[in-house]
Amino acid sequence: MPRDNSGFRELRLDAISRRFGGAVALDRLSLAIARGEFIALLGPSGCGKSTALNCIAGLLALTGGAIWLDERRIDGLPPEERGFGMIFQNYALFPHMSVRRNIGFGLAMRGVGREEIRRRVDAALALIRLAEHADKLPGQLSGGQQQRVAIARAIVIEPPVILMDEPLSNLDAKLRIEMRSEIKRIHQELGRATVYVTHDQEEALSLADRIVVLKDGVTQQIGAPEELYARPANLDVALFMGYRNAIAARIEGVEGGQAVISIGQIRLRGTAAGHPGGGDATAAIRPEDFVLGPGPNAVRGRAETVEYCGRDYLVEFLTQDGHRLYARTETRVRPGDFVEWHVPPDRVLVYPSGK
Amino acid sequence: MAARELREAGLDRTVLLTVPGVLLVLLLFIYPFAYGLFLSFAPKTGGIWANYARFFGDERLYGTIAKTFWIALPATLLNLALALPMAYQLRRATRLQRAVTTALVVPITLGTVLVAEGMLNYLGPQGWLNRLLIDLHLVAAPVRLIHNYWGVLLSLVVTGFPFAFLLTLSYVTGIDPVLAQAAATLGAGRGRQFLHIYLPLLAPGLAITFCLSFVQAFSVFPSAILLGAPAGPTRVISIAAYQAAFEDYDYSMASAIAMLMGLAQLIVVVAVLGLRGVFYRGPAAGAKG
Amino acid sequence: MNAEGSATSGRRGWGGIVWAALVRALMTFFLINVAGVIASVVVSSFATRWLGTWLPAGYTMRWYGSAWDEFQLGDVLEVTVEIVLIVVALSILIGVPAAYALARKDFPGKRAVTLLFLLPLLVPPITYGIPLATVLYRLRLGGTETGVILANLVPAVPFVVLVMTPFIEQVDPRLEAAARVFGARLHRVFLHVLLPLLAPGILAAGLLVLVRTIALFELTFLVAGPDSQTLVVALYYSVFAAGVRATQSIDAMAVTYMVTTLVWLLLALRFVDPTQLVTRVKREAR
């Protein structure tokens, strides 16, 4: 029987690891999650984020490290004794039970009385606004409704921690944005600690208090969304955060705290991440940080293709020495036009190569 | 044009590809059944119900129904009772699962006749099993396991259990294990995961497995003769039908018995499938309480 | 145990461990007994004399020679091979096109046709075998090889249909559409696009029908005459008349039958999942 953990202060992951045979799926992830905090585990598929979630839930045994709920070590407990709420990618609703029975399942397992179950399920149904569908089977609901039932089923047991495994990935684009606000609203109303796995950086940025970026099982960076967005710790994180232009460059020197780099004949000032010695580096620039028109830190080229994106244009242009770059502008540009851009030095991130 | 109308109705030339197969089943399966039904009402002597009257008037004939049930029902229940926990235990695709399924295909493939011959050797008074029991001092004299009820029952387990197991396994593996994981995160331990998730979802499949296993056991034939006491307690209904046809050359009576055999199977199947409907809907409707 | 497959990290507790051990022990017990049943046939077929001991007094091959002569195994095998091969070929020829139509087209009466193909697999052979045999005898086909082949086609064709339909369903219909867009005629679509894609499925279905037909006793037993017996029927008669011949001789014949069946089974298992031998109704049941 899961014990009542609602008064906990923090969930602490202490260098948790998981291997499958010889392969390391998750390598020493450490993180302290405060009560009411929303954490996103972000990374491409196979990065270890789902492994981490399953380890927290107890669906996978750890091969190293420990999980603590305040002073209590819980990584030896089976999932049914941890009492965390979990929302699965394909919802995992019980097909043979009505919506009401699905939501009440966790309470029934805890031996809660009939009347109490009824009351709490009704409250949960009101929260997810599905009261009129209470007696339907999951198969009779739409994807978005099933998603809401899955959320209700996880929160009705009032778990200290809610775990979500790519809950929006099976929904279409419009519904995804709707459900995102719904998840945010429910989180704010209930204030549960939430661990949310996603491969969608936009989702992570909009929902999370803190984001953990994983790649190949290794933690790349942990930080607030703004921090990750503005100062990705390494090139991988930068690429994931929308720095679409990654250009091989040479560091020529350091002037006034800024790195001076050369990309073929182009010279740019940028912000160095880490210690800029000399030598090879990669410059990362987001398309929207380019400004059309002449200025310091200029890049010139010929527009190749132009995509109209509604609010602005995405221009793919070729520099004189053959670098293909992407930039966004609200000004109409035609393919074949000669374009000149500039970019603020603090928006050019320079990552020294070879570690 | 007629061709277009047919196409609009969904019938085009491709559908003609089913014709040979359909004809074959109609001519060699449906027609013989209908013919047999007709023939059963055209007895050698007497009115149209004479065969059936004779069947239910003669203990040697109507008694076969009870005897067959008495063998088929325990065998089916035993096979299912063994198959369910084993299939559940082996539900994950492991090398062990593959090895066991492969091993179990062997007795099914070899069939009842070979299994009967093997069991005559193995279970006989001089066979390895009795020898082992005596050497272990579990019994003083050989246990009689052949040429009686037990021989037939055991042969139905040897060929019927693998069948029930493989069928159940295919149903168990069809249930998404994530459902059990979801139940676990909601506080259900192993036992309750089985009780609340697997069992209700398996119920329809188990009903089908029961029906197919039962129908097979009910039509037990070669092993009832070779391993049983075909003149006494294992004179099952198929033996009566066979004797009527090939010993008395009374095809009309044989057809009547075959029809009754089919009817008895049908009644059980319909009953179980009807029960399945109630059972499956039960948990879903019970949610209102 | 491999940890990847384990659903939960928690310890199983004593109840779970005992339960798992019990289930495994039962399965092992069952398999040991099956192995004993089969092994006793094999050992006996090589025994010079085997009475009242754990193992025979000596070993010999001579029972195979005598079984070969006594039971005319040469003739029986020839008939068996002939019947089985014809049944396999015909059931593929009739069953695969029907499966194709069922997999690709929606037409009125499709459910009825599917049910029609399901029935002969659900009704046990002995139940429909007696009326079928009666009809075949009336048509003077009883006791002939033709009659045996016709009787064996009744479960074989539906089996091919039910194995092949899901197989064809998972072949992308756009491939055929593409071939036709590029100008291939229907029969060329079949020959150059469909056939190569379906070959593995046809091979599997063919092997499964082969194994099943060799082992199908009841129908052949009811329809066959002395010259049209297959191996399994001949084996039945020899076991039935036990006492007339030496047990070892019968067992030598049983081993011959076993080897013919298992060779094909092993071959079939290279291409199909073992559960496919029984789970033909799985799709309909859902």
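Residue numbering begins at 1 within each chain, and the chains themselves are lettered A, B and C in the order written.
Definition applied: a residue touches a chain if its C-beta (ideal position, glycine included) is under 8 Å from a C-beta of that chain, and two chains touch if they have at least 3 such contacts.
Small disclaimer: the values here were computed from a predicted structure and weren't measured.
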When contacts are scored as defined above, which chain pair ends up with more C-beta pairs, B-C or A-B?
B-C
Centroid comparison with chain C (C-alpha atoms), farthest chain:
A
Let me have the rounded angstrom distance from the C-alpha centre of chain A over to the C-alpha centre of chain B, please.
54
Distance between chain centroids, defined by C-alpha means - chain B, chain C (Å):
16
Overlap residues in chain A, where contacts from two or more other chains coincide
58-59, 78-81
Touching two or more other chains, which residues of chain C qualify?
7-8
Check: chain B positions touching at least 2 other chains come out as 181, 184
So in the complex, which bits of chain B are touching chain A?
176, 178-179, 181-189, 192, 196-197, 200-201, 280, 283-284, 286-289
Going by the contact rule at the top, pick out the chain B residues touching chain C in the complex.
9-12, 14-18, 20-22, 24-26, 28-33, 35-36, 39, 82, 85-86, 89, 92-94, 98, 100-122, 126-129, 131, 158, 161, 163, 166-167, 169-171, 174, 177, 180-181, 184, 190, 204-205, 208, 212, 215-216, 218-219, 221-222, 225-226, 238, 241-242, 245-246, 251, 254-255, 257-258, 261-262, 265
Once bound in the complex, which stretches of chain C touch chain B?
2, 5, 7-8, 12, 16, 19-20, 23-24, 26-27, 30-31, 33-34, 36-38, 40-41, 44, 51-52, 54, 94-95, 97-98, 100-102, 104-108, 113, 116-117, 119-120, 122-128, 130-135, 137, 150-151, 153-154, 157-158, 161, 211, 215-218, 221-222, 232, 235-236, 239-240, 242, 247, 250-251, 254, 257-258, 261-262, 265, 269, 273-275, 277-279, 281-282, 285-286
Chain A residues touching chain B in their complex are 1-2, 57-59, 78-86, 88, 90, 92-98, 100-101, 105-106, 109-110, 114, 135, 137, 153-154, 157, 163
